[in-house]
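There are two complexes below, and they share chain A, which is joined by chain B in the first and by chain C in the second.
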Partner chain A sequence: MSDIVPTAAAAARELIAFRIGRQEFCVDIMSVREIRGWTPATPLPRAPGYMKGVINLRGAVLPIVDLGARLGLSTSEPTARHVIMVAHIGGRTVGLLVDAVSDIIQLTEDAVQPTPDVASDQVRTFVKGIFAVDGRMISLLELEWIVPESEAEAA
Partner chain B sequence: MTDAADPFEAIKVTFFQECDELLGDLETGLLAIEAGSADDETINAVFRAVHSVKGGAGAFGLEDLVRFAHVFETLLDELRAGRKPCDPPTVKALLRASDVLADHVSAARGQAAPVDEARSAALVAELEALTHGGAAPAAIADVLALPEADEFGFRPVAFDFSTLAAPEPAAASGWRVTFRPHARMYAKANETALLLRELSRLGPVEVALDASALPDLAELVAEEAYLTWTLDLAAVVDEASVREAFDFVEADCDLTVEALSDAPAATDAPDSAPDLDIAALLARATAEAPVIESAPPVVEVAPVVPVAAPTAAATPAPAAQAAVTIRVDLDRVDRLINVVGELVIQQAMLAQRVIESGLARSSGISVGLEDLELLTREIQDSVMAIRAQPVKSVFQRMPRLVREVGEMTGKRVRLLTEGEATEVDKTVVERLAEPITHMIRNAIDHGLEMPEDRLAAGKSGEGTVRLAALHRSGRIVIEISDDGRGINRERVRGIAVSRGLIVEDAVLTDDEIDNLIFLPGFSTADAISDISGRGVGMDVVRKSIQALGGRISIASVPGKGSTFTLSLPLTLAVLDGMVVSAADQTLVAPLTAIVESLTPRPGDVHYVGGHDAVILFREQFTPLIDVGMVMGFRDAALTPSDGVAVIVETESGARAALLFDAIQGQRQVVIKSLETNYRQVEGVAAATILGDGRVALILDVDAIVANARRRSARPELKLAS
Partner chain C sequence: MLLTNVPIGRKLAIAFSAVLLAIAAMGAIVFMNLRALDVAGAARSAANADMRTISAVELKLSRQENSYRGFLVSNDRYYLERLDAHGTDFRTALEELRKSGNPAVQGHVGEIQAAIEDWRKNVVQPGAALAANPGTRAQAIAMVGRNGSADTYIGAIEESIDALKTIGMARLEEVRAAQAKATNDALIALFSGLAAALLIAVAAGWVLTRGIAGPVTNMIGYMRRLIGGDTNFEVPCVVRKDEFGEMGRSIIAFRDAAIEKVRLEADAVAQRAAADAERARNQTVTEAQAREQALVVEALAEGLDHLTRGDLTYSLTQTFPGDYVKLQADFNTAIAQLKDAMSVVVSNVSAIRSGAGEISQAADDLSRRTEQQAASLEETAAALDEITATVNRTASGARQASETVKAAKGDAETSGVVVRDAVDAMGAIEKSAQEISQIIGVIDEIAFQTNLLALNAGVEAARAGDAGRGFAVVASEVRALAQRSAEAAKEIKVLISASTNQVNSGVNLVGQTGEALQRIVGRVAEIDGLVSEIAASAQEQATGLQQVNTAVNQMDQVTQQNAAMVEQSTAASHSLSQEAESLAGSVARFQIGAPAPAARPAPRPASRPVAALKTVGRGGAALKPHAIEDGWEEF
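And now, the complex of A and B:
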C-alpha cells in the first residue's frame, strides 16, 4: 500500500474550477495566487477588446483579462459579483476576470481527454483537454498565451 | 539570487564589493599624495587598501591578483616606512598600478576581459625597480642632498635631531615579542604557527614557548588557551611591521612588542640578517646609512628610538574608525520602498473615506489620521534617503578616465571635482556614469587644446576639467566644464550645413549654434577617434539624460572653454505631474513637459484640411491634439472651448497643445511600471496609483505628439483604425 500512494499522488493535480457563462473551466491551482472581487479597471488605450484595463493590486499595476472574451465566448459588463483570479503566468501577474469560482478538484493526468475537433481554433489554443466530474464537463486551460507579448500578437 | 545558494560565492561577492570600495580609497589616497596633501595616515590607508585586496584575493586563490597586489604593496610599504620618497614619478607609477589593479579585480570577477599581461608585467617590473633597484641610490642622494642632513651633525642640541629624525624609519636592532593568544583567537581559526611564520619573514626569529600555565591533562579544557610565546626577532624593521604580522589577531591576544636595544643598531644589522635577500638588505642598509653617518653625537639620541616607536604604533589607531554602515541587498530596499509606496496610497484612501463619511475635522479619528499622514510622509522620505547615494562612486571613476584620455591625446589634464557628497537616488547615480564619461572624454578630446597651443594662447599648458555636483531646487545639477578653446561656432555651423541639419542661410544665435551639437548625426571630430568617436555623439548623451527626466544645456565662450550643465530629478521613483481628465479617465501629464495651460477661445482654434485642429498660441499655430480621441477613450472630438489646452514641449523642442476635459491639479506621483505585468503601451509612459486607489496612466507626451502627427500625415489610417 505504501508504495502505491506516492505514485497516485504524483500523478494527481489540484485544479481550481471556475465558471464563465454556462461553461466550466479549470487551471492549475499552483498558478493562482489569490481570488478577489471585481473593482473597476482603468482602460488602456488601443488595447484588444479582452483587456479590461489595469487595477491596483497592493501597489502593483495588474492587467485584467476578460477570460470569456479571450476565449471567444459571449461577454457581459462585469459587476461586483464577478471574480478576479490573480494568476502567475510566465513571470507576470495577471488578473483573470471570470463569473465565479466553483470548486477545487483533484485530477489525474489520464482522466484528461483531448479537445474535440468541434472546438474553434481560439478555444483550442487555450484548452489543453477536457474531462468529466460528476457529469459536468470541465475544460483544462493552458494560461501561457493568455496575455499577448506584443502589439503584433494582440492584433 | 543564485549567489546565495553558494555561501562561498556570496562571500566572494562581498569581497568584490569591498574591492570596489578599497580601490576607491586607493585612488582617492593616491590622488591626495599626488596633490601633495598626504600625511602618514594617507599612505597607511593606501597601503591598507592594497593589502586588504591582496589578503582577500589570497583567500579566494586569485593568483594573478595576489601577485600584482604583492608587488604593489611592497613598494607602498617602502613609502610607508619612509625608505622611499613620494616623488612624482613614483606617484605616477602608483596611479597606473592602481588602474591595473582595478583591471585585475574586474578580470578576477569575470566582468572584464583578461588583464593586458604586457602592461601588467611592465608595471610589475617598474614597481620592482622602484622598490629595489634605482630607488635606493636615489634615496641616499635625496637624503644627502638635504641641507638639513649636513646641518644635522653640527647641531648642538640632540632634541632637534630627534624631531628631524622622526620621519626616518624607527629601526631597532631587534624586537622581543610576547604573544599570548586568547581562546577567542583560536575560535576564529587562527593558527599560531602561521603567525610565527609570518613574523619569521621579517628576519630570524628565536622562539621560546612558555607552557607553564598548562594545567594537568585532567583539568585541561580543550577550548582554552594556555600557551605564551616569547619571540626574539633579529631584524631591523619598524615596530609597525612587527605588529602587522599579528594584524588580524591583535584584539584576541596579549601582545607586547619591545625593542631589543642591548646591541647597537649599526653592528647588529649586518650580523643578524645574513639570510635576507640582498636587495632588501641593501635598501635597509642604505636607509639606515644617513642615521649612522651623522651619528657622532648620537649617544644621547639612542633612547629616541623607543619614543618614535609608540608614535608609529599609534598611527594605525585612527584607521580603525570605520564608518558605521551595513550592507543591504538592494532588493530588500526596493521591497521596502514598494510597501511604503503602498502605505502612502492606503493612507490617502483612508483619509478620503473619512472625509466622505462626514466625520468632523476635530474628531479623534480625523486628528489621528493627520498624525498618521505626517508619519507616513516621514517614512517615505526616510526610505527614499536609504536609496540616496553620493555621486562619489561615479566621480571616483573619472580620474582614471582623465589620465587615460590625456595619455591617448597627448594633452595634459587636471581634473577638479566638487560636490562628491551630493546625494541622489541610486538608480540615477548608476545611470549618470555613462553620460558623464562621455562628456569628459569630449571635453578633453574636443575642448582642451594641445599643451603647445595652450601655451601659445597664454594659458597654462595643463588643461583643467571641472566636474561638479550640486542640489538646486529639488534636482541634482552636474556641471562639466573645461578651460579649452570653447565651441568653434564657425565650424559647428559649417558641419551642420554640410550634414543638411540646417539650411545654409539660416539665422542662428550663438546659443542655437552651440546647441546644434546635440542634433543626431553631428560629430565634430575630424576623424572618428578612439576616444569620443564610435559614432555616438552628444545626441546620445542628450537622449540618455532625457530618459532620466533630465535636461542638458551648454554655455561656451570662445577661447575660454565650455560648460555642460545636466539637471536631473533626484529620484526616478516619483514624478511631478499634472492630474487631468479626458473622457472620464484620469491621466497624469509629466510636469517637465508642460509649458502652460489655457482655455481655448472659439476664435483661437482653426482647422487645417477639415479635421486637424491647430490653436493660435503666442502667434504660432500649434497642433491641437484631443487626448481622449487619441487614446481611444471616445469617438467624437471634444469641442475645444469646453476643455483645457495644455501646451507641451517634446524632447525635440516641438510644441503641441493637448486638449483635456479638465485639470484636476498638480501632485507628485509614484511611478509604477506597466511592463512588469503587461507590456509597453504606445502613448503611455507608465502608471501610477491615485489617492482613490485607482490606477491612472502617465502620458508619454512625445509619443502622443508623434502619433498625432503620423495620423494627420496619413488620414486614411485614422479612418481605418
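And now, the complex of A and C:
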C-alpha cells in the first residue's frame, strides 16, 4: 500500500477499494463513514431486488443496498465475511453490501482513465473512470446514481 | 268214523257235548218264549191306555154338552168359558188317540173331530148369539130340544166313540191270547228239553261202558295166556285205532318175541355140531402138507448152502409142489438180484478206489498251499505293524499342528485388541484437530475484525486530513498485521484439514486391518478344526489298523489250524484208499458168473470224477498231472 502512495501528493486523493465477485471497484474515502461486518438485514416488503432490507445501526435505521445486484453482477447469499460500507450519498446514509474491502489507496486524478464508450450510456452513468494499477483494473464508481431519486425520497 | 277207531277221551267228550247241546237248545227256546211274553205284556199296557183315553173323550163330550146347556139355562158367560176349557181337553185326548197309530182308530178320530167342529159352528156359536137376545132365546133352546139340530152332531160323535170302544176291546182280547200262548210254549219247551237231555245221558253212559270195559277184560285174558307160555292165539282188536288197538299190538309184540327166543336156541345147537365136523376134515389135510414141506426145505437148504459159499450163479431147478412153486421162483429171483447188486458193488468199489486216490492227492496240494498262505499272512502282519506306527506318528504330528494353530489364533485375537486401540487413538487425534480448527476459526475472526477496525481507523484518519496522516500509517500497519495473521490462520487451516484427512484415511486403514485380522482369526479357527479332524482321523486309522492287525493275527492262527487239519485229512484220505482196497478184496470173494460186465462199468464212472478233479485242482497246484499218475501207481 505504501508503495502505491505517491510522493508528490499535489492532486492526490484517497479511495477505498473493494471487491464484488472478481471485480474491483473503488469509491472516494470521504463518502464512506464506517466499515463493518455483515449482520442479517430485515427485508422490506415490495422493495426492489437489490434492496436487502434494513439494519439497526446504533439506534438508526439503515437501508442496505446489495451493490453487486445493483450493478448487474452475479451475487451470492451474504456471509459473516461480507462487509457493509456505510456511505453518505446525497445527504442520505446507505449501507452498501460488498464481498470484501481490499485497500485504502492514494491516487492522483491523472491516473484516472475515462470510461470507454461501449455503446451504453448506463455504464458511464455508474462508472466515472477506471484506474489501471499493477495489472489491476479498478472501476471508480459514481455513488450519486446508486440509489435512484424516487427511492431516495422514500428512504 | 267207527266207534272203535275213536280214542276214549274223545268218546267221553262227544257224550258230554251231546248232553250240553240238548240243554243249550232247551234254554234258547225258553228264552225266546220269555221275550215273547214281555212283548205281549207291553202291548196289553198300550191297549189299556187307549181304553182309558176313549173314556176321557166320552166324559169330556158330555161335559161340553152340559156346560152349553148350563149357559142356555142361566145365560151366564161363565159356562161358555167352561165349554171352551172342556173342548180343549177333548181335543187333547183325541190327539193322544190319533198317535196310537191304528188306521181304523185314526179314521174314527177324524170323524169325531169333524163332528165336534160342526157342532160348535152350527149349534154353539149361533146359539150363544141367539141366547143373548131375550126375544130369540127360545130359538136357541129349541136347537138342543127334541127336534133340534144339535143331536144330529152329538149322535154321530157317540157312534164313533162306541166304534172306538169296540176296537179297543178287540185288541185287548187279542193281546191276552198271545200272552197265554207264549207261556204255554215256554213250559212245553222246558219239559221236552229236560227229557231229551236225560235220554241222551243214559244212552251215552251205556255205550261207553260197553265200549271200554269189554275190551279190557279180553286183554287181561290174552296176557294170562302169554304168561302161561301159550303163543298160539290172535288178538282181533289190533285193527282198532284207539288205545285198545295199541294194547293189542303190544301183546302181539310180546308173543312174537317169545317165538323168536325159542327159534334162536335151536340154531345154536346146530352150529356147534357143524364146527366139530370141520375140525376133523382139517386134520388130514395138515398131514399131507407136512410131507411137501420136508421136500421143499431140503431143496432150499442146498440153495442156501451155495449162497453161503458166495456162489451167486446157483438156482433152484427141482420140481416143487404146486403150493411152493412161487417160493422157488422168488428164491431164484432174489439170487439173481443179489448177483446184479454185487456186480454194481464191484464196479462202484473200483470207482471209490480211484476217487480216494484223487482225494489224497488233492489233500497233499491243499496242505502245501495252506503253508504258503500262513507264510504270506505273517508277512502281512509285519507290514501292518509298520503302517500302524506311521499312522501313529501322523496323529501326533497333527496334534502338534493343532496346538500351534491354537497359539496363532490367540496371537491374532491379541492383534485385534491392538487395532482397536489404534482406532481409538486416531479418533482422539481427529478430535484434537477439530478443536485446533475451532481455535483457528477464532483467530481468523479476530484478524477479520482487526482488519475492519484498521480500515475504519484509516477512514477516520483520511477525514482528519493532514492531522491524521501519522495515524493512517499506524492503521495501515495494523491492517497489514491483521492480514498476515489471517493468511497464517488460513495456512494452518489447510494443514489441519490435510492432517484430518490423513487421520481419517489412517482410521480407515486400521479398521480394514482389524477386519483382515478378524478374518484371519476365523480362518485360523477353521484350520484348527481341520487339523483337529485330521488328528482324530489319524487316531481312528490307528485304531482301525490295530483291529486289522488283530484280525490278521487271528487269520494266521486259523490258517495254522487249517494246515494241521489238512494234514489230518491227508492221513484220513490215505487210510480211505487202503480201506477201498480191502473192500475190493472182500467183494472179489463173490462169484458173479460173468466178470467182463463187472469190469466194464468200473472205468466209466471213474473217468468222470477225474475230469472234475482236474478243474478243481488247476487253481492251486502245478504238479497236477504227476499227482494223478502217482495216485494210480499207488493203487
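Assorted remarks:
In this section, the second predicted complex is superposed on the first by the 134 of 155 C-alpha atoms of A that agree within 3 Å, B and C clash if a C-alpha of one lies under 4 Å from a C-alpha of the other, contacts with A are read in each partner's own complex, and residues count from 1 in each chain.
Quick note on the criterion: contacts are C-beta pairs under 8 Å (C-beta built on N, C-alpha and C of every residue); 3 or more make two chains touch, one makes a residue touch a chain.
Keep in mind it's a predicted model, so treat the numbers as computed, not measured.
In the superposition on chain A, A:Ile55 makes contact with chain B only, while chain C stays out of contact range. In the superposed model, A:Leu143 makes contact with neither chain B nor chain C. Applying the stated contact rule after C-alpha superposition, one finds that A:Ala87 touches neither chain B nor chain C. Within the superposed three-chain model, A:Ile16 lies in touch with chain C and out of touch with chain B [touch as defined at top]. Looking at the shared chain after the overlay, A:Leu67 reaches neither chain B nor chain C.
One of chain B and chain C touches more residues of chain A, and that partner is B. Legend: residue contacts after superposition of the two complexes on their common chain; A:Ile105 is shown touching neither chain B nor chain C.
Comparing the two interfaces of chain A, the one with chain B and the one with chain C have no residue in common. Contacts from chain A toward chain C in the complex involve residues 1-2, 14, 16, 29-30, 32-37, 80-81, 83, 101, 104. Note for the complex: chain B touches chain A at residues 338-339, 341-342, 345, 585-586, 630-633, 672-674, 676-679, 681-684, 687, 689, 693-697. Those residues of chain A whose C-beta lies close enough to touch chain B in the complex are 40-47, 53-56, 58-63, 92-94, 147-151.
By the touch criterion stated above, chain C contacts chain A in their complex at residues 445, 448-449, 451-452, 455-456, 458-459, 462-463, 472-473, 476, 479-480.
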